[in-house]
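Chain lettering (A, B and C) follows the sequence in which the chains are written, and residue indices restart at 1 in each chain.
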Amino acid sequence: MLRVEKIHKSFDDFKAVNGANLTVEKGELVAVIGPNGAGKTTLFNLITGQLKADQGKVIFNEEDISSLPPYKICKRGIARSFQIANIFPRLTVFRNVQVSVLSQQEKSRKLFYPAEKLAVEETNRILESVGLSDRAGNIAGSLAHGDQRALEIAIALGNKPELLILDEPTAGMSPEETAATIELIKRLADSRELTILFCEHDMEVVFSAAQSIMVLHQGLTIIQGEPDQVRNSSQVQECYLGGAEPC
Amino acid sequence: MFKDAFSLKSLILTGAIFFVLLILPPIIPRFYTYILAVIFVTALVAMSLNMVVGHGGLFQFHHGAFYGVGAYTVALMLTKTSLPIWACFVAGPIMAALVGLLIGAFCVRLTRLYFGMLQISLGSLIWAIAFRWYSLTGGDDGMHGISMPPIISSSNGAYYFALIIMAICITVIYLIFKSPFGATLQAIRDNPDRCEAIGINVRRHQLIAIVIATFFAGIAGVLFVVVEGSVFPDLLFWVFSLEIFIMCLLGGWFTFAGPILGAAIMVSLKTFVGIYTEYWTLILGIILILLIFFLPEGVWGYILEKFGSRHKEAIEKGSK
Amino acid sequence: MDIGQAFTFSALGSQFLVGLSRAMILFIVSAGMSFVLGVLRVPNIAHGSLYMIGAFSAFSLSNLLGGGSGGFWLALILAPFVVALVALVAERSLFCHLYEREHLMLLLFTFALMLILGDLVKIFWGADYRSIMAPDVLQGSVSILGAPFPRYNLFLLIVGPWVGVGLWFFSNKTKIGKIARAAAVDREMVGAIGVNVSWVFAFAFVLGCFLAGLGGALVSPMVSVSIGMDHDIIMEAFLIVTIGGLGNMWGALVGSLIFGLTQSYGVLFWPQFAIVFPYIAVVIVLTWRPRGMLKSVW
């Protein structure tokens, strides 16, 4: 479904992504891991169009999306949540998700119809699936951190994506919240036939949930494979878990 | 469709205010009728600006340029051509929207501060041309004594004309505010990057908002000519644009009706302070500073917050 | 002047110098605005008002100090300090409390300041036009390229670059200048290493306004000192800073040259619409390079 081929991105002199490769098959749960600064968020930004690659390609459903702007990539079926809660702080929780659904339904530019009558069912369904139904009327900026992360995911779901990309979905969460979020992700993958790509620091989460893991180090893909493969790979153990030298 | 957009309480309140405004002219002195008419026109400009600033998050620093273009277009067409009145009236907002489209297309590619500054330079270009083209526009003096059909040239006639047009325009702006377009625009205000990520073509959306807003500014410009019978280059000068900006801030730019209140306060203050002193600018500056420090949500925004929280408490108490 | 005359070498040359000397004033004023913009990230709309106060102060000071040549030189030196004092008072009493707020509030504060200062000047000095005589040594003109060129303009051509050099030296070679430049790029980092960011801002603001006052004092013998001065100069400085690159001093120089020269040549070719030419130049530059010609500080 998604293929990232030999992708490069530099900022002035700093090579953030240095020839990374990634494959995501339909229906999979794929994780990208790597130490801080490995380039995970940059890689995601390259996939979803916030950044343009210097070299390399991003191919989604056999189409080269490397040079498309973010909104067009979204329309192709990729939705994304961000590492830092990137919500609409002054709008209500309901409105946050509704705007996303309206965009997916191509109704964003409707001028003379009250918005509150549109996309109500779909929005409520999404809010229920992430557990925010009871807070639908609250102002998004006033939500607790964990709820804002849930809202993050809800907004991404509003786009009815084929591929959902989650940037560190459990960042800053307690063990209970983390477990709940992982449950949620697995549930969403099953019920909505979603393919999910995420990056994480929490190794337990990754090895228990993911079907395919890609290891990123200093912008370069070390290996991608099933959890056991990755766990037993000596390369990974050297780079990631042990030494400080580049591989 | 209309019924669903309005809540009963605000509908009654608005209706009451409208009714009062309808019956005022025969019972108040002509001077006040004139002032109210000016308030209607100014309120429309402020509302049109707030559409892109308060609800859209754009730094539209030279909105007055579109207002002025609308006013000058209708004034020039009325005095230099013999086209029918209604054609001149319609040409005003259309011209303003065209200029808005042109300038907007230039500016919308840029981020906030550059957007504002490019707009100021383009708007100032228009001002400079109007200011210097004496033979066409009367230059510094402006144009005076523009003739209007008798029903709207009288003091009461102008009042009612302005009131009705303003009411229609504000209703339309309200419908847009409540529509998916308006909701998406506010989302863009809050977080344009996130909007891009959920599939919204932010630039196109902003450009449409600008064209709509400048169209309404053009209508306000036409109303200005009806009420005042003249037109000056001051309308196109950047200081006036910042005054409109302040009206939105004064009223409360995250609310819907705030700019109307802001316009009313500004025009009233300017008129009445002007009677006692020539240092209106000083007073305005002090008001602005007080606003910045104590009332950043604006007067209406502050009232809504106060009543909003009390309303919530009342509901909670009532439900217990 | 018809087109034929306009194209003589003499006319073109002398208009070049006129434009250049006008550009010097614009440069001094815009460099000050650019400096403030770079460090505080806010365009100071009151910058024009401070320029105007500089001109009026020079007028009053030179009268106070005897009115002759000596009076002028002293006034020229003292007026910018008067302006700097006004700026310091405004900054410490009100402005500094807004540093934590969003930028739009700072911008609106400077607008309020412009409104207030504008009327204060009217109250203090009245609405009449004032004029100052340049000192004897700078009166009259010299003949350059066969056309008369005012001595005072020549003086500006000398002073301008020195101010530029002084500002450059100050920003790059003194400790406080370097701190200010660092704060422009990353204020959190500067705060984190223990520098009092608020005082850095105060310093930058006062320095910028000092330059505005200097510009006003320098221009005072050339124009009629009146209450519309703030509106005219602020728009020009704004646009110069935008096309030059926000916060970039060399950008302010380039922008000022463009402005000054388009204005002076505009007068030569189409006097009625001379004021339009700089705006057209701005539109062209911003279409070609939306972020300004030189790199902005942020």
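Operating definition for what follows: a residue touches a chain if its C-beta (ideal position, glycine included) is under 8 Å from a C-beta of that chain, and two chains touch if they have at least 3 such contacts.
Model, not experiment: these values are computed from the prediction.
Student: Once the contact rule is applied, which chains count as partners of both chain A and chain B?
Tutor: Intersection of chain A and chain B contact lists gives nothing.
Student: Give the label of the chain whose average Cα location is farthest from that of chain B.
Tutor: Following the centroid criterion, the farthest chain would be A.
Student: Just give me the whole-number Å value for how far the CA centre of chain A lies from that of chain B.
Tutor: Each chain reduced to its C-alpha mean, chain A and chain B end up 42 Å apart.
Student: So the centre of each chain is just the mean of its C-alpha atoms; given that, what is the distance between chain B and chain C in Å?
Tutor: 33
Student: Could you grab the centroid distance between chain A and chain C? Build each centroid from C-alpha atoms only and quote it in angstrom.
Tutor: 50
Student: Mind pulling the residue numbers of chain A that touch at least two other chains?
Tutor: Residues of chain A never touch two or more of the other chains.
Student: Touching residues of chain A toward chain B in the complex: what are they?
Tutor: Per the stated touch rule, the residues are 48, 50, 69-71, 74-75, 79-80, 82, 86-91, 95-96, 98-100, 102-104, 107-118, 155-156, 158-159.
Student: What residues on chain B touch chain A, complex-wise?
Tutor: 1, 4-5, 175-176, 178-184, 186-187, 189-191, 193-202, 205, 208, 254
Student: What does chain B use to touch chain C in their complex?
Tutor: Chain B reaches chain C through residues 59, 106, 109-110, 113-114, 117-118, 120-122, 124-125, 128-129, 131-134, 237-239, 242, 245-246, 249, 279, 281-282, 284-286, 288-289, 292-293, 296.
Student: List the residues on chain C that touch chain B in their complex, please.
Tutor: Against chain B, chain C makes touches at 43, 94, 97-98, 101, 104-105, 108-109, 111-116, 118-120, 122-123, 231, 235, 238-239, 242, 246, 272-273, 275-276, 279-280, 282-283, 286-287, 290-291.
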